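Each of the next two complexes has chain A plus one other chain: chain B in the first, chain C in the second.
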Partner chain A sequence: MRFYEYEAREIVRRAGIPVTEFGFATTPEEAKAAAEKIDGPSVVKSQVLSGGRMKAGGVQFADTPDEAAAHTADVLKIEIGGQMPRGVLVDTKAEVEQEYYAGVVWDGTAKRPVIIFSPVGGIDIEQVAEEQPGKVGRRQISNLLPLTGFEAKEVIASTGVTGSELNKLVPIVTKLAQLFIANDMTLAEINPIGRLPDGSFIALDAHMEMENEARGRHKKLLAELGVGDDETREAREPTPFELAGEAVDSEDHRGVAGNVTEFDGNLGLVIGAGGGSLTLFDAVRAHGGKPANYCEIGGNPSVSKTCGLAKLVLQKPGVDKIAVMMSIVSNTRVDIVARGVIKACLELGMDPTEKIAIFRIPGAWEKQGFLILDAYGVEYADRSVSMHEAARRAVEKIGAGS
Partner chain B sequence: MRAEGIFIAVEVEDGAGADAALAAKLTEVCPVDIFAVAGSGELELVGKNIDECVLCRLCLDVAPEGAVTIIKRYDNDSQL
Partner chain C sequence: MSILVGAETTFIVQGITGREAVNLTRECLDYGAGAKVVGGVTPGRLGREVHGVPVFDTVKQAVSHHDAPIDGSVVTVPPAFTRDAVFEAIESGIKLIVIVTERIPRRDVAQMVELAGNNGARIIGPNCLGIIVPDVIKMGGIGGPAKDAAKAYSPGSIGVISRSGGMTTEMSSTLTAAGMGQSTAVSIGGDAIIGSSYAELMPLFEADEATEGIVIYTEPGGRMEAQLAQWVGENNSRLPIVAFMAGRFMDEMPGMSFGHAGTIVEGKEDTATEKIARLAEAGITVAEEISEIPALIQAKIDESKS
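The block that comes next holds the complex of A and B.
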């Protein structure tokens, strides 16, 4: 879940990291009041969950509060990346001697947070890493053990920063890493951190993303920031196909058959089981297949719920076949899923033998499940066939891939 | 009475179906609501739920022997 910049700045401020004076405004009048508080030149920044603000005219500089109000009136009318702004951030226009980058991101492979620091800030860190790799420091940290300053110090020092600068940056980067862990963030980034003429450091911009599943743990923070329960804050709005998937999942309390994401391939996926969905989706792609969707089933959904999901996928334009695959299941019954997907085919007037490229779900009640699949002539695989091999067979059957 | 899904069929002897006490018991124990009590107190089979049968045998346990039959249509009509 992404935060708007004005919310991210507030999170940074609460963590004890110095920030410039700023205010959030939804009208020119509010912007003028915020600029008056700043008492000097200000920057008016469009608040959208999208990049490209500067290029689109969503960032304007103002010398007076009246100018800030006028810019706000203009900026609020500009659509950026398909989004109208929620408001504007009225920020202090700081005189900066040098810009730095600090970020903490979740490393999904190492399953640990990583601190990233660079003395080259204000531009994309990816660009710095490519053009000046020696200017980017990285270090994994524990998300269980308390964070100490030396970890941040090592990262910063590895980029050549020394002396007073190093000592002043360590608490900022340490607090950033602490707020990342405390708030279950997947990304916490300050870009840039500015060094002011008096030698102090200040956060000039921030970007935060919170793990969606952790929203329940941070209700107080989200309420204080004004984030509504119904705000998805995803990079894009859900498609009708994805909304239909949500409807299938919510119509019955039993198990999960949803979390659908739409893609434009021809192989429909009915997949799941404790990370199995991700593994299987990647496996299909690794074998050259083109998934029509991602989804998750698990926790023993009912026959009707599985049937509903399978029907949705089968009816998606461009889908030739579906692959029904999970890792070895213990809390989902193989026979129930088998009934659901076969029922979907039959009720849509489709031949399960033709439409189900492969059924690879070993585990609880597999004997009954395999009896059902045998009865309808559906190709299935037991646990002796790996998920990767099952994905390969599905891709081969649909006539794609290597 | 008999109700059929794609995978499962359920048969109840006529006499058992008219037994209000048994109808209430079957309705109570079935985890997927295959059985219901009609307004008259008699047993009713809920067609849309037949294929949800999880083969738990609870209905067989509370009914007199032979009163309820669960048939696996996908397994050569074998009985549970």
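The block that comes next holds the complex of A and C.
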């Protein structure tokens, strides 16, 4: 889950890292008040989760509080990356002598966090790594030992930074790594850290992402930052169809019939489980099919939950037929899924024979499931029909029907 | 032969009194020669039994009751308690830990893996279904009830490694239908950080005489495939590999995760397209469909023998 810059800034401040005076504003009046507090030139920055703010005109400089208010009124109207800003960050326009980069990310192969530091900051670190590899220091840190400071010192020193610069940067980078660990972040980045004319250092822009699975243990922080439990902060906002899918999934606690994602095709998909859904979605597309949605069934959901999901997909505008497919199941029961999808058709006054292009779920309780499908004349396949072949048959049927 | 487990492997189930763990225990006891499930742990339930398996409050009690070191543990406790359970298992001398639990934060997983490494222990998972040696033993929910597992898995010479539990069974069943059995199939888990990656299991398969070829299931997200490609490049492996890549559509949807937590693409190298290119460069054949896998791996085995 990605944080807005103003939230990330607050997290950095709480970790004891010096930041410039800043304020968050959702109206020109609030922005003016924040700029007055800054007492000098300010920067008004659009608060969106995507990049490219500068290019889109989402970053404006102001000499007076009135100017900051005027810029805020403009910036709040600019959509960036398909998203309207949540507000603006009114920040001090700091005079810096040099910009540095510090970040902490996971190294999934080493299975440890890695500290990254560069005396070349303010630009994309990947670009620095490509053009000036000697200017980027990296070091993995232990998951078990407490961070004591030498780790950051090693990374910074490896880039050629020494003297009082080194000694002043070590606590900042150490605190950044500590906040990464303490807050279950997947990314914690300060870019740039600025060196002021008096030789002190200050965090000027921060980017933080918290692991979704860990949100539950940071409830206090999230509440204080004003992050709602229902804010997914995904790459795009959920559509009404996707929200309806979530409602179906939370109907009861048995199994999963969720992760519904909207696409604009005509073949509705009732598919599972994790890897099976990925495989089947690809398979439908490989055969020229146009999926209307993605979803995942797993963990043996109830008949009513499966029925709810199937109904949602069947009723989606533009959906001609549905394909009910999974990889071999050992936990989810074939008969329960069969009953759920047939019930959905019947309750909507649709003919299951016609609406269900194919049912390919082999595995637990398949005999009972196939009996039900036989009774309603639904075409089904056992494990001797591959997932790709089942997808091909579904696509073929929908092609013939439209 | 096999990797990781065999007929003599002893293990416990942590969280054994949970509904799914009770089923899992039954399945393991029923499969093959019957797994040696020598105990279960649920704090506060000392003295109970689950399908005849004695339940203890602590792992130490289970070890002392067994009166010998215990090889493994299947951990099925909720995410908030998993780290504690795994630390307890490691400190009690257990060397193979299969973590079934999903939705464990990365930091916890990384801590468990590091402690395991310090103690010569290995973790499989989290978010996995475990390990199966066809007709011999299964450790975890892999393949489901014994009769279902027996239908999909058959003994043979193909090692299977998969980031998806369900697809481990689908691919093995496809191999079985083509007359190709499996030496060992490992569901390694779908999370961003897992105890054992492809490259970390390859040396075990390499040392297993029964294994002649490897089939892997892979997804977008993470660097595990790049690590495997590198391993293949650096080690003159005798084992041909065929891979299947699911989730190719995700390349068009950066920043979103589908299927498993680990599929979140965090850099260019994580995409399906990039991974397919890396694997192919390393001489790993990437199948377009699951049904092609048996013929592809057979051809590669024949080629390597000739």
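Operating definition for what follows: the second predicted complex is superposed on the first by the 239 of 402 C-alpha atoms of A that agree within 3 Å, B and C clash if a C-alpha of one lies under 4 Å from a C-alpha of the other, contacts with A are read in each partner's own complex, and residues count from 1 in each chain.
Note that a contact is a pair of C-beta atoms (placed from the backbone, for glycine too) under 8 Å apart; a residue touches a chain by one contact, two chains touch by 3 or more.
Given the structure is predicted, the values throughout are model-derived calculations rather than measurements.
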For A:259, select first, second, both or neither according to whether it touches chain B, chain C, the two together, or no partner. second
Which touches a greater number of chain A residues, chain B or chain C? C
Name the contact category of A:327: first (chain B only), second (chain C only), both, or neither. second
Is A:232 contacted by the first partner chain B, the second partner chain C, both or neither? neither
In the overlay, answer first, second, both or neither for which of chain B and chain C A:186 touches. second
Which of chain B and chain C A:144 touches, first, second, both or neither: second
Using the superposition described at the top, list the residues of chain A that contact chain B and also contact chain C. none
Give the list of chain A residues in touch with chain B in this complex. 302-304, 333, 336, 339, 342-343, 346, 368, 371-372, 375-376
If you look only at chain A, which of its residues touch chain C in the complex? 105-106, 108-109, 111-113, 142-144, 181, 184, 186, 211-214, 216-217, 234-236, 259, 261, 272-279, 281-283, 285-286, 294, 296, 298, 326-331, 363-364, 383-384, 386-389
Which part of chain C faces chain A closely enough to touch in the complex? 79-80, 103-107, 109-111, 113-115, 118, 141-145, 148-149, 152, 162-167, 169-170, 173-174, 177, 190, 192-193, 197, 217, 219, 222-224, 227, 244, 246-250, 253-256, 258-261, 263, 266, 288-291
If you look only at chain B, which of its residues touch chain A in the complex? 6-7, 32, 48, 51-52, 54-55, 72, 74-75
